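Common to both upcoming complexes is chain A, partnered first by chain B, then by chain C.
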Partner chain A sequence: MFPEIIDTNPLRNAIDDGLNWVVRNWGDGFTAAAKPLLDFLNLVQHLLLATPWWLIFVILAGIAWLATRRWQLPVVVVVALLFLGVMDLWEDAMVTTALMITATLTTIVIGLPLGIIMARWARVRHVLTPILDLMQTLPSFVYLIPAVMIFGPGKIPALLATIVYAAPPLVRLTDLGIRQVDPAVMEASRAFGTNPTQRLFGVQIPLAFPTILAGINQTTMMALAMVVIASMIGAGGLGYQVLQGIGRLEVSRGLFAGLGIVALAIIFDRITQAYGRRLQGRIGIAEAR
Partner chain B sequence: MRISWKSVLAGVALAAAATVSMPAQAQDATACGTDKKIDIAEMTWPSAAALAHIHAIILDKGYGCNVEVVAGDTVPTSASMLARGTPAVAPELWTSSITRQWNEGLDDGSVVELGDAITDGTIEGWFIPRYTQEANPELKTVQDVIAHPELFPDPEEPDQGRFYSCPPGWTCELAGTALFEALDMDATWNLFSPGSGGALAASISRAFEREEPILFYYWGPTALLGKYDAAQLDLGEVKPDVYACNTDPECEDPPGVTAYPSSPAIVGAASWVKDEAPNVAEYFGKVGLSNAEISKLLVYGDENNADAEATALNFLKTEKDTWTKWVPADVAEKVEASLG
Partner chain C sequence: MSTETENQTATETGGITMRGVTKIFGPEPQAALEMLRAGKSKAEVQAETGHVVGLNDVSLDIAPGQIFVVMGLSGSGKSTLIRHVNRLIEPTAGEIIVDGRDVLTMPLEELRRYRREKVAMVFQKFGLLPHRSVIDNVAYGLEVRGARKGERQDKAAQWIETVGLKGYETSRPRQLSGGQQQRVGLARALAMDTEIVLMDEAFSALDPLIRSGMQDELITLQKSLNKTILFITHDFDEALKIGDRIAVLMDGAVIQEGRPEDIVLNPANEHVEAFVRDVNKARAIHVRSIMERGEVEPCEMAVPDTARCEDVLPLFAEHQWVGVNDGAGQQIGRVTAKQVIKALARHTPAA
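Moving on to the complex of A and B:
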């Protein structure tokens, strides 16, 4: 065994006591700070639950048609939605979708600027890359239980966990997309006398957009992958059905709810991918890549 | 790798010696009795984890058994024990959530109950913090608390009260949901499921640290109830029939109000343990601890950030009077010698 160099107990006690101190004294502050996020999530959820089911069918199938201009994808979307409805998973699916949409939008707001900054300054990239690795590999319960103690159980820690897990791909792919813009194109834009801001918004971001969209697609998928974990801290939704199925050895319940998550994943994955392909086609780099 | 004849011969000789000495060992009250690996299930909650390590040390050092501690949880461990006879021993098995399968196993002889894990029964019920009860002395029974949802507001819906129920899939989730319905709480209360045991404990701990009121379900013996002073609410008398129906998803009758019966936590084992290692079976017949003793054990682990094994070692070092009664004197000596 490795020799005991220092006694780690004082350190561990200090961390535990420190957390309790934060919970006692700053709990209200943290909860208030996260309130706008919670309000936004509740708004999305109420909106989704208040919308009649057929309208959601029409909207999602319409978006799918606009993305592909073909009949195949809308049919897939309608079948997936029918599965959710028929299997009595509609309400849970909407709760899960609300969490996923809120997490994805928040991730875009945070992740895009981060990715751009990383592409711009190599030093920031050197600092952020290991942090992103950490966010993806640290077992989520390690930071979830402290988050539950600080924010209380429910949607806020679930949202945080989802963002922490789902943000890295978007940040990484934004960074990559911007850095991969053809140097010749950059050279040309410089020759036209553009300033860095014009180059960023006029050249780099538009050309990187398909890659960024791939990042958003990945973020959506990872947010959906987190729903079971999110349910373990009181977020409800499809993951809760999965947990109930596992706990009671009701394989069927777990399987249907699990397939419900897959159905949601298919809908959002195919729609974002289709938009990505359309964009690539429009920019004219579909063949070049 | 080439096999050397010498080692094969030595192995044969050893095996022969072992066979010859078997009957002698079986008579000895301090021998393990079996060469088979006795795998002890370490459940996910602290009391069962500490018990698993205590028994593993005593069987290993005292009886010289081939012991291994394996991770487990109520449903997977019992399912595997019933089907394949491994893990061999579950030192704190709550059979209330697996009644049907467990009783079938007892009937067909695949498993046995070696003894009680917790001698004075287990606690289960609805609690509020002691400071909340002191501030509102009228809150004695569950009905008193239900009349005051405004004291326990739900942060996500402040005009309703929030009751912290059980994680999904646990039997207590069914019981909690049935009581919630039977007590007509739906209009003024929200049933909140924390999603996992960890999240439930963290929510309760948060409330106690902040001295906030909270109405929650919990069970004992646990470190949490040992650490925080909670008042159990009176749920009236135990009605076993009503409880059985409340916790059976197939039962059609409307849910009724009943207290939680003290559910049995036993030492469950695969039946080969009793047949092949009678000394070990006899040992497990004596190892019951009371709620107070287990809480004491757990509070040590909690306050010192000790893991299950360190908690077990501390128990063996400090509670000699308790555990030396479980074993013959020379086994106790061997265990003590190993503790150093």
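Moving on to the complex of A and C:
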């Protein structure tokens, strides 16, 4: 056994007591602060549920066609959506999609500027990189439990957990994409008298955009990977069906809901990837065809 | 360096005057600078402090309207030198005077204005914006300067035509060949209509045939543009072909500066000699520098005083004497085949 060097109990107690104090005194404040996020999630969910199923078919297949200009991807999208509809998973799928979309949009709003700041200041990168590592590797229950204690079970802790888990790849890839912009192009831009803002919006972001899009793709995938855990604390959706399937030993229910998550993943993964390829082709990063 | 020449060149618009420009790469350049000023060599400074001397006390006078070529092998500091003229690299010491202002001490905002209005640059690796069409690339400098859309599109279209890319306006850079891409780079710089154009190994990445064509085009363009062009190259033949004056750079220091024929006929040391050895001297030497001066009876055949040996050589098949005329058409001297052959042979080493 490792010898006891210091007594860690006071530290543990301090953390537990501290959290309890925060929950008692600031819990309402935190909940109020997260209200706009919850409103936004509810709005997206309401919108998706209010939209007739066939319109969602048309919109997603249309986006898929615009991204590839071929018939294959729209067919894949339609088949995946049919599966969700036929298996009676439509409503749950929309709830899950709303969570994923809200988490992804929030991540973009926070992660994109963060990635840009990281690319510009090496010092910020040195501080943020270990934090991002921590966000990606720390088991989500570790921060899920305190979040539930503060916000109470429901959609807010689920959303926050999803954001914490899904944000790192977008931040990292934004940072990487901007730093990988051809230095020769940056120098040319400088030689013409541009200021840093003109270079950021005129050169760096456009050239890093395919990489940023890869980050958004990763974020959507990781957000979908979180839905089962999120449903444990009251997010509902497909994850909840999986949980019920496990709880009742109904293998079929778990299996179909799980395949439903896969169907959603296929739809959003293929669409974002196709847009990324299209952009790369336009900028000329991809090999000339 | 007399102060007289300094004042003279500094007051003329469009000229570039460099005085003691020094660049040392490393964390503590000032200490290394002291050593360099105390007379230590580049190698000694590097061995003792780990600092790399990029430029060592470079002083040059570049007159307006000249194509001034800086020539040197890779690592000689020529790319560092040209990047000081628009301060893409921050200097360690020295000054570069353009239109009476020292570029190296300008505040940032003034420096950006100077880059937008006074100097344009062409790059070895082109540096085109891959996400923009050809015409938007050519218009880029004007856009940064704040020109209205109609005006910059018109100007860009005009320059695209001048460099022979009409019909490619909406193409993306990656759809063009290397030579075409550099034409875009050239058009982008010339569209700025700046007094000074910096060309950093602009033609080095191109195939020999295309390179030669671009050199001819630059010479033709310069006749009507009359810009101050600072041209960097590692190719001595290129330097001789386009340069009004040439400076040879080695280890960050200028080892010789002069007219092309001065360098070919009187190389300052073995390093320059080594460059000169394989060079096409018939191209480098002007007939005026070897002609017999004075009042002679008019010759049947005459060339202008800008002619080079390679221009008169074919004429000797028909004529014994070839006259040399000044700008006004007045004959100022004559040359024989013998004189030309002598001049070409003089500096060819015995080996």
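Methods note: the second predicted complex is superposed on the first by the 287 of 289 C-alpha atoms of A that agree within 3 Å, B and C clash if a C-alpha of one lies under 4 Å from a C-alpha of the other, contacts with A are read in each partner's own complex, and residues count from 1 in each chain.
FYI, a residue touches a chain if its C-beta (ideal position, glycine included) is under 8 Å from a C-beta of that chain, and two chains touch if they have at least 3 such contacts.
Values in this document were obtained by computation on a predicted structure and should not be read as measured data.
After the chain A overlay, clash or fit between chain B and chain C?
fit
By the touch definition at the top of the document, which applies to A:184: first (chain B), second (chain C), both, or neither?
In the superposition, A:184 touches chain C alone.
Which partner does A:282 contact after superposing on A: first (chain B), second (chain C), both, neither?
second
Looking at chain A, which partner touches more of its residues: chain C or chain B?
More residues of chain A are touched by B.
Using the superposition on chain A described above, determine whether A:207 touches chain B (first), chain C (second), both, or neither.
After superposing on A, A:207 lies in contact with chain C but is clear of chain B.
Which partner chains sit in contact with A:108 here, chain B, chain C, both or neither? Use first/second/both/neither.
neither
Where does A:240 make contact in the superposed view: on chain B (first), on chain C (second), on both, or on neither?
After superposition on chain A, A:240 lies in contact with chain B alone.
To the nearest 10 degrees, what angle do the lines from the C-alpha centre of chain A to those of chain B and chain C enclose?
Given the fit on chain A C-alpha atoms, the answer is 150 degrees.
Per the contact definition in the header, classify A:193: touching chain B only (first), chain C only (second), both, or neither.
It touches chain C, and chain B stays clear.
Measuring by CA atoms in the overlay, how small does the chain B-chain C distance get, in Å?
46
So which bits of chain A does chain B touch that chain C touches too?
No residue of chain A touches both chain B and chain C.
Over in the complex, which chain A residues touch chain B? Could you list them?
Of all residues in chain A, those touching chain B are 9, 12-13, 16, 20, 23-24, 27, 31, 38, 42, 141, 144-146, 148-150, 152-155, 231-236, 240, 243-249.
Quick one: in the complex, what on chain C touches chain A?
So the residues of chain C in touch with chain A come to 86, 88, 112-117, 119-121, 123, 125-131, 140-141, 144-145, 172-175, 192, 198.
Would you mind writing out the residues of chain B in touch with chain A in their complex?
75, 79, 155-156, 167-170, 173, 192-196, 198-200, 202-203, 205-206, 209-210, 249, 304-305
Write out the stretch or stretches of chain A touching chain C in their complex.
Going through chain A, the ones touching chain C are 184-185, 187-195, 198, 202-203, 206-207, 282-285, 288.
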